[in-house]
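Residue numbering begins at 1 within each chain, and the chains themselves are lettered A, B, C, D, E and F in the order written.
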């Protein structure tokens, strides 16, 4: 849930040396080898979600002339947001005790030594991980969130506009929202809103920004009468498989320890993904006559996004329900609502991530159970408060992300422009923006 | 080896809280962060073996018009068998003390709390993993086993028939066989049969089912005079690479701990794979004049399947021998025997997995050494009993899997049909079954 | 840094049983579950770097008719060098106390029991990993190093020549150099030269061998007037993504423990890669008008290679500087110098890996800080000695690798030949050497 | 000499090739094309079914002597016909010269093997 | 009957297809080709810019009755023209016979739908 | 105007293109095709060697004025010949009209650059 506790006397632990681990005083937190082992891997797994996971999931869905632009965007965000994060992003989110935003105390990771234990923890107060590992783990979340938005304006965005917007967005939308919810001093955290692995911080946030961006930038030319089959469905499946794999780092890592809570998050994540994949396959089969590969992959992703928020609060039965609902609603969203409302969210960044994020936020309020984390009960256990605060969190983040994303997109448009020219769009962004062609057969 | 011990008084540990880990009583098993860290990752790695590992290994080998069907099958099994496993499969295999099958006590994981330590362990009685993590880890094995069978009837199976058969097979073949061997109460386990990571439970089992399915469904049209080169060999290599990587989770994870035994399983697995790859390359070179990419990949997989059963019982020298034998025999099987016996096991699910599984079962009986696990010695250390019981296990599983798979395939055929129509086969299963085309170049 | 300590009384720990771990005497090293968990995964991640990581990074860059040859080379080296390593390679590098080369005491891993703790460690003297796991981890480095060289003579090498050369090279170049630097008895190690994760042992070593091989074998036909776009840029990006992921195993694993040092290596690795990717994108944009996918991928790899040596010695600020310098110099090297000096290092194995390796060697001497490892300070902390010994190490290794690689290439040429015939080259190595075609569309 | 170009359904390629072989046409060249015609194909993409008139087809071409033309056309029609929309077309045109690169032979004799 | 082959810029394919549709050409077949001509394209590869005269193009071909030829050519020229080097070419040739595989019809009547 | 179609071995493409260039043919269009002819290629698949008569080839086509035809054919034969089975074929046919899309020029003058 990332409902984390900042230690009052951080400075105390600043002096814990790695050599001191052998004989810890009872109350002093240590760097646990086991938890650190898991979290190093979890961090790398979240990197894998962006490149090559999401890059191929999105890249396979676009037309052949635009795949490199997608891959390039994922790499560029990885590079740019990593630097932003280390230079000031991490500090903005996690330092200080402001309700709305952090300060610059940890800019450039100033004062964070390699022997420091992380001031943040979930289930294991005593056995923690290095602070710098926590920085990296959180950094991977900061990277993937703007990368998700790339699905909304795919096939028609200007690369310079994309890059500027992503960096602004990471700073002015992601950082504050993450602060509100994941920094224990944040105002939503203080109200009791919970988000285990980023259903709100990542998925609603990016989903709403996607909708805004798709509406602002407008449709691709010929969108109405174009039938646009994905150019490489095996790539879509490759990406989906890597996302599924990496999502265990994302969700099961969010407890910051290798314990029963992590195992529970693993279980709910996997079961929700499986259910959602199965349900989407069934809906395709019943409503469209055939089960499809793109469908089952999309379903799995919807299930993964849906459970993200709830993974460390609910039990396996609830995970099945959340997966099923995510799948049905997202299916309806991309198959019916998008057509009716007639906007062009190219790769359904809103229709899948945004929508599933909302479902997860509310579902956490309903299904959270004290069996998983003793302090968190939802509606089914008689606690009506949680679902209220969860709804509030979802709405607040949606409104904030919606308004500020629009503003940033508008500013970017004025400064460098966001829309590729008609000619660039028809030539393909790969060649127009990068002077590269994805596949060539010159021998 | 998965020769596991169920604790008499499981209920005792049910009450071990995750907060109690700091001060364990000497005799009480705890959730070890380190072992849990490794097993979470190992579980994710076995998922990666199925999607995208096996999916691409198989998918690259078929013709372009059938790749999506392969990918779809892997995803669909991941979804369906995960649900089956959580709902009743795990319980059937691991609950109760019946010799032949478990009961429904753990259906829907009823009564398994997130703080429970796993009642099953191999080398680390004290430092264990969460019970639900054990459920997930075993679940990934239950998923990949029926996925292997997909190689046998590739390019001509009806999707509905495939799905029904797979679920039935997971229930009526995989679950009992896993119970016999991996549940300490199982009759083969009680006789002393050992299978470290699934050489019999996974590979012989799936291999025999593959042979039966290939014989039942019959050849692809034009099989005799068709030369069918793989449509995308880089995909085959990608799949083989991911399988090799994931197999460390499969084999080195089967000791359920991050210790010397895991390291030994890692070593034997890697060395057997390397030897088998090298030998296959050599055979191709000598007998067919050229070493091939598909050959070396297939060799690696044969070596991996061959060592699976023995990984936690034998030393590195034996691993070289097992790898070499697996490679030679599988080479002969797919290159000579299959041609002579004239059946159409499209992707050699029997010729590679089944055959290497048999080699591993016997080899474990021969090469097991007390240097690795003190209680297990094979023929070379003078214990003649083990090789006998290993052979018995292999034969019993082969007979059971053979008969029941045939029956289930027959039932499936009567209920929904198994064979795609001639027209569907020639159009390609991708379009016929899923209305999708893998690669398109519409711009 | 791999500045490791061999314990005088190894035999003492030989008797440490895995069951003894629960009650270790204070001074006796144990197998730590947590560190073992991390290092098993790190080992698997380094395997993933070679196959499919490097295989696809290189494979996507060549022409369509040569990709299988690249994939095949990576698989063949994985198989051959693994066997060499287990049979005598590991022993040559790590056994004994010779200054120049080890002995055969550990040939076939003789005498290494599964319960032995590793005699080598970096930051965690007490909490170690199994010795055989250390063997495997180091083995993956021995595999990837010759695989890197394959980039230099791609598209024109004879397969038999390649294989013979690689095995000779692993034995007569890699093994001695690794001994000098990573065996505490090695003469460079004794002089105080440090190489955390292989910047010199792996990258300079392979880079120089690449240059020599490229010069010896000569240019591809038509090289001057051929424009050779990569045949599959998404594969390049896939490979780069997997390399980035795997590199965490490579660098953060090189401390042999899951602790603050590992976290620091993770941080510096990630930040250097991100910076280098960003800088390359910027250079492309400014100098060539467009940012490119191949460019950003190459930049990331340059940053990863550049930081390798320094990852466990420097802090995050220095990582940014090292990443930026690596990127700029490699950009100039492949874009300007290679053109001017007019040699054909097909995939820039020297221009990227070799050059970045040099930068890392010197940079470690400059930026090493006692904040990360108390015993190592560089120029910026007033220690002038280190940069001298680092330069010496880089030069010595370059000279040794240069001369011996040339000799081995010449011997290989005399024995089996190294250059494919003109006809083989124009037909493509896939068909000429392996009788396979990567992509076919026979339906 | 006549050039024959036949645009057929991909899945029927094997049948057509065999029929041509029986009609003494052993040398052919083919590639994959996209055809726009009467036939439509339905695909599914993310919960939506859409129809497309862009169909994957195969184009077979060969040059043969006049007396083989009718036999060849019959063979194609017989083997490539399903009777449903989208069976494709055959076009015949004149070839004024032909060269076998290996021997330099020109004219009709470059089209067959003299033994 | 005439066969028309047009080598055009790939990105303009949609426009050309629509223009042809308005000119009563509904049956077409196309595939992707590489063209070597006057136009050059610059690519970037690892810090180097290089120029290539190998351009990805699309070849559209269709057979139609004589009276449609001029209209069709006009439609193509109109929709495929940018005025810059590399707009491509149209070639016209004779077709001596045509067969609709589905019905076995031969000659011009195989080219259109009679209702 | 004549259309020349040459089906050649892929690996010799570079040589042929240069030879054509020297024979004043600068505008060409090409694509990859599969050829069935006399030549056979052996492949290996999972421990089995099999032979196939389906060979990957390249088809080069260009339209030129009559006086260039013989020179062009000579250039191709010279550069594409190895003397072994499978060197390929050249076919020549008539083109009745030609249009340069960029300028709208028709006839032979659309085929070259006037300066």
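Here is the rule we go by: contacts are C-beta pairs under 8 Å (C-beta built on N, C-alpha and C of every residue); 3 or more make two chains touch, one makes a residue touch a chain.
Just so we're clear, the structure is a prediction, and the values are computed from it rather than from any experiment.
Hopping across touching chains, the smallest step count from subunit B to subunit E is 1.
Under the contact definition, subunit A and subunit F share the contacting chains B, C, D, E.
Because subunit D and subunit E share one sequence, their contact can be compared position by position; here under half of the interface residue numbers appear on both sides. A count of C-beta contacts for the chain pairs B-D and C-D puts B-D on top.
Taking each chain's centre as the average of its CA atoms, subunit C and subunit F sit 46 Å apart. Distance between chain centres (mean CA atoms), subunit E to subunit F: 19 Å. Chain centres here are Cα means. That of subunit A falls 51 Å from that of subunit D. For the pair subunit A and subunit C, the distance between mean C-alpha positions equals 32 Å. Shared interface positions of subunit A, i.e. residues touching 2 or more other chains, are given as 32-35, 37-38, 41, 227-230, 232, 258, 288-290, 292, 294, 428, 434-437, 441-443. Among all residues of subunit E, those that touch two or more other chains are 11, 31-32, 43-44, 49, 54, 93-94. Because contacts link each chain to all the remaining chains, their graph is best described as complete.
Residues 11-12, 14, 41-44, 49, 54, 56 of subunit F are the ones touching subunit C in the complex.
Of all residues in subunit C, those touching subunit F in their complex are 222, 423, 426-428, 431, 434-437, 442. By the touch criterion given at the top, residues 2, 6-8, 31-38, 57, 59, 73, 76-77, 80-94 of subunit D touch subunit E in their complex. Considering their complex, residues 227-230, 283-284, 287-290, 292, 294-295, 298, 331-332, 334-336, 339, 348 of subunit A touch subunit D. Of all residues in subunit C, those touching subunit B in their complex are 18, 21-22, 31-38, 40-41, 43-44, 47-48, 51-52, 55-56, 59, 67-68, 71-72, 75-76, 78-80, 82-83, 86, 108-109, 113-116, 129-130, 132-133, 135-136, 139, 159, 232, 235, 258, 433-443.
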